[in-house]
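Can you read through this structure? Questions will come right after.
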Amino acid sequence: MNNNKRNYFEVNDIHAYYGESYIVQGVSLNLKENEIMALLGRNGAGKTSTLKTIARADNPTLTSGEIYLNGESIHDKKGFEASRLGIQLVPEDRRIIPGMTVEENLELAQVAEPIGWSIERIYEHFPRLAERRKQEGITLSGGEQQMLAVARALARDIKLLLLDEPYEGLAPVIVHEIERILLQIKEQGITTIIVEQNAVAALKLADRAVILDTGEVAFSGTAQEVLDDEELRLKYLAI
Amino acid sequence: MKQPKINRRDVLKGGAALGLAGAAPMFFTRNAYAASYLNDPGNAATVTLGFNVPQTGAYADEGADELRAYELAVQHINGEGDGGMLNTMQPSALKGNGILGKKVEYVTGDTQTKSDAARASAKRMIEKDGAVMITGGSSSGVAIAVQGLCQEAGVIFMAGLTHSNDTTGKDKRRNGFRHFFNGYMSGQALGPVLEKAYGKERNAYHLTADYTWGWTQEASIKASTENIGWKTNNTVKTPVGAGDFSQYITPVLNSGADTLILNHYGKDMINSLTQAVQFGLRDKNVNGNDFVIVVPLYSRLMAQGAGENVKGIFGSTNWHWSLPDEGSQAFVKSFGQAYGFPPSQAAHTCYVQALLYADACERAGTFMPCEVVGALEGHKFDGMGNGPTEYRAEDHQCFKDVLVVKGKENPSSQFDVLEVVEVTPRAQVEYAPDNEFFAGGDLGPCNNGSA
Amino acid sequence: MNIMKSEIGMMVVFTIVILTMPLWLAPIGAGYPDLLQKFAIFGLFAIGYNILFGLTGYLSFGHAAFLGIGSYAAVWSFKLLTMNVLPAILFGVVCSGIFAFCIGYVSLRRSGIYFSILTLAFAQMSYNLAYSVLTPITNGETGLQLTINDPRILDAAVTSATGLPSTTLFGLSMSGYSGFYFCAVVLIIGFFIALRISRSPFGLVLKGIKSNQTRMKYTGFNTRPYMITAFVISGMYAGLAGSLMAVTDPLAGAERMQWTASGEVVLMTILGGAGTLVGPVLGAGLIKYFENIFSAFNDKSLHELFSFLPEILENGVVAIIRPFVGEGWHLMLGLLFMLIIIFLPGGVMKGIDRIKTKFGSKSEKPAEQSE
Amino acid sequence: MLLIGLAMERGLIRHFYKRTHAEQILVTFGLAIVIQEIIKANFGANPIPTSAPDIVAGSANIGTFLGLGDAIVYPWWRLIYLTFSLMILGGVFAFLQFTTFGMVVRAGMHDRDMVNLLGINVERRFTIVFGLAAVVAGLAGVMYAPILPPDYHIGMDFLVLSFVVVVVGGMGSLGGAVAAGFLLGILQSFASMNEIKSLFPGIDQIIIYLVAVVILLVRPRGLMGRKGVMED
């Protein structure tokens, strides 16, 4: 093992398919511990697919490339193994499990080792969830569901947090609240990749930024560089 | 085997199709090579018979037993084995050298107990394998469907197990023959026995499989029991394959009936009987009568399936292996030697049908269907297990003695589940060809088919 | 492979292959009229089914009902009107079309498995009623047959030697090979129509529904009329197949409508390759071949088949094969399903595709492959 | 039964979780045919009579017991069967509702992928569930044998019906399946009454399917079905 030569988190030239369609076409990334990266790009650029591939979800299928986290190989693992190694995905559609209460949704995250925050601690940080603990998860409002999805990730031990469109479809007031939560997470020093349509909001949180275009990396640099380079933003982000 | 040949006709047809597409068939209809009748074996050394039996589905065991009987019959006709009923059949023109000097070959098919599949399978035997006669089957629907097909195609059909009045009633055909008895005969045979055993004062409740066979049997049994003075409390139709009959059995308990008649066959009969016994019907006493159950059509295979529950229950059957006559014993012996257990009534009727057909061809001196029909119509024979028998010319139904049987109290083996109570003489089950249960059909002309 | 891309080329190849079936199927024992007719008829049934399932992805589990209705309608036409097959076919197609509209109108209110169950329920109701209560119309278990005394008001008093007149196309008897060629021509026409449908704008809409119904709805597109049309068309194909069954063999039985019959066409389509044009025909042929040929083997015919082998080997081979044929042909069929579904998820057509790509020839996928 | 179920799942079914529902149904159907034929080859096609233990033979006179006269009789074995199935039902319900394992299974039914991404090996748990399902079905079969003598084809008779019951009840809802089972059973018995049949001939033949249609039209996901199950 040559752990020391690798970055904390490293993605080398991954390729992935949804059935027949070639969707991630050779993406490479790397992150240092405690770093936050914004993964940007237009609709269909392959951002969500990249996150799902890293989390080793059932779809898309990874065909080649390597993923390492903290010296452990991820590309040869299944989804549940990746999660046990510390990769936690907060999916864009939140994926709160229907038919289960808020609390059960959190308990579900603590079935498998290793466990992160205790449920009490989560309730302390998210009093709104504590109030609704017996309510069915999917009956919550959009913002509350997003909170629950983040909380569910925190209930597991996180080495790498993958946030997919945390602000999507939320009213501006709620966006602020989620933003506050994400800032708290940043304070915790959790290594994070955030995918967001709202590039400015993401770049506020991020240290570094990567822009994807049609399944490939088009730019890689600091968050500030993207904020400063209007041409780049126009070309790839249309802002 | 001769089947995978490409003969000149096929090649011509293929070629014609290439060139002429849709118009092609005009030139190559079957009449191009005219012969006197369909599938004429001509100068060939062999003749092919088609055995069409259920190999899959609920009657697969019955079909397997029929096939065993056919294989045995072919051996005997060809002069192999111990000859079985060939030695007891009277009169017999069979010489043990095949039929008309031709060795008997056979092809087999699966009816699946579905009319469509049975017809497809019979058509294959006729069109591809050149069968001159089709026989077999284990249900009336299939028998009637295949009989119709054989009539249209122009080959002889010797029905296997089919008990519906319609087979030789409203759906009778000139090219089709039935050795098996029918629902009406069951009723006629059972009536007196039931009267003797259970008296004149009975109140009967019918559960009837809701399709043609069930209806004809119900009507036949109802008529004959009402004839001996019984009342009919109710007649209830049950869906075929209902599985759980409890919702039909519970109303019987409070109906005031003291007799349950199960017009079911196969799995339905096994299930309804088993469940009726479980509901304690047989332990009841209604109007001073012990409650009794009657199963008009018995089959040994079904009786085996119902196990203990058949004990003491009356029914009728076409034939049973325990019959002491010479013919039955000869058949049971050769069947037992070949397969290690006694034959079922389905096996018996199929075996007999095969022999009767062979004998008729021998007597007619040809395989030509119309001549064979002539040889079978009105043919009287004996020594085949049912006493003196006649193939009545008017409807192609065999008239012979019918067995009334009862579930045995102390079976000595798994095959010994029925005991013969009475051999009802033929005169008692005979009826006029225009009997109301059989009216409406027409044999029509016979068909030699076009070669 | 360009020939497969042009419609004309494809039609020519298909026509030749179908019409020469008696020739090239003879060596494998399938070159006799009844089985050839069944190939054509079930091919047609499967093509029609594919218009619904292959294009839209809606899995109907009750399509056999339309087959049965087509058969009953055709036989009634023979009984009441004339032995000519054209009115019978017309009548069969129209009746099944009307039924398909009624059932489709209700069933298409749901999608996915609920749609499947609704169609299954309708078909099972039809089957149960046809088997028992509707016996005056269907002749129940026995099946509806012609009788000598049928009125046949349009036919002059024709009496045939068999006692029963046979079905005809203006005097040409529809049994035997002429029956096959008639079915084959109908199959070719049906295939052509299906080809045009799948490449028409209508076909594209259906494919769009398959890939994403919700998205199409969001774009303000009302998919329902398209779905109903597809359902009715495929029901009419089934009715056509059903009436052809009656044409080649004038009998209509209730078991044609049972769920197992509906299941059969699903299997045909999937085995051959759902969504492809040729696949369903291939699947239909495969299943009918198994049903008719494999079930016919017995000890004797097997020994004859392998008599070219030395005796010990012969007995060995027969002993191994025996459980899978004759009364065991269902076992063979079950294994075949499993093997194809496990190893060739796209059906036989997909398998052929794979072989093509494997063996060099950088041919593109045939255009009709929708996936 | 557990072992057969586990073997089936490990060997075949698990490879199909990612396939379409149609393929899942087809492959299990193919397997059913194969198993059925193997049974036929070994035991024949005839039903095999199976009697209940002698000690519980006969029938209970419920009527007398409830003081309603002696007109209501019910076989002991059916009563035992009823009690037993209620117990099993209760057991399965408790298992699914009150254990962590059950929670995971319920969650997995709705969203396999997400549960997987929470570090839970869903596949392994589904294997166990499949095995348990086989055990429950097997127990049902064993208990039912004295009522319905088993033959090789018996599975097919129940296949379509159980499919309809599950969907009408609502996919993924145990309560729904139970409710639908009771509802259809009672309606079937009701429709089998002579009074009803004389009013609507043949109603007993179609009542189950008729009710299924009505329920699915009124309640799109069955009696207690939930959004999201089996809809992808």
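As written, the chain order gives the labels A, B, C and D, with residue 1 at the start of each chain.
The rule is short, and it goes like this: contacts are C-beta pairs under 8 Å (C-beta built on N, C-alpha and C of every residue); 3 or more make two chains touch, one makes a residue touch a chain.
Just so we're clear, the structure is a prediction, and the values are computed from it rather than from any experiment.
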Chain whose average C-alpha position is farthest from chain B's own: A
Euclidean distance of C-alpha centroids - chain C vs chain D, Å: 32
For chain B paired with chain D, centre-to-centre distance based on mean C-alpha positions, whole Å: 37
Inter-centroid spacing, chain D versus chain A (mean Cα positions, whole Å): 41
Length of the line joining the C-alpha centres of chain A and chain B, rounded to whole Å: 73
Chain D residues counted as touching two or more neighbouring chains: 205
Where chain A touches two or more other chains at once, by residue number: none
Junction residues of chain C, two or more chains touched: 128, 131-133, 330
Category of the chain touch graph - line, ring, star, complete, other: other
Pairs of chains, among all present, that meet the touch criterion: A-D, B-C, B-D, C-D
Contact set on chain C toward chain B in their complex: 15-16, 19-20, 22-24, 26-29, 31-35, 38, 128, 131-133, 135, 139-143, 145, 147-149, 161-164, 166, 172-173, 175-178, 181-182, 185, 245, 249, 251, 253, 255-256, 291-292, 295-298, 300-301, 304-305, 326-327, 329-330
Residue numbers on chain D that touch chain B, as the complex places them: 40, 44-51, 58-59, 71-75, 77-78, 146-149, 151, 153, 157-158, 188-189, 192-194, 197, 204-205
Interface residues, chain B side, partner chain C - complex: 1, 3-6, 10-11, 13-15, 17-18, 21-22, 24-26, 28-30, 55-56, 60, 63-64, 67, 106-110, 114-117, 119-121, 123-124, 127-128, 139-141, 144-145, 148-149, 151-152, 154, 166, 171, 173-174, 210-213, 237, 239-240, 442, 444-445, 447-448
List of chain D residues in touch with chain A within their complex: 18, 100, 103-104, 106-107, 110-122, 226-228
Sites on chain A touched by chain D in the complex: 55-59, 78-80, 82-84, 88-89, 91, 95, 97-100, 104, 107-109, 111-113, 152, 156
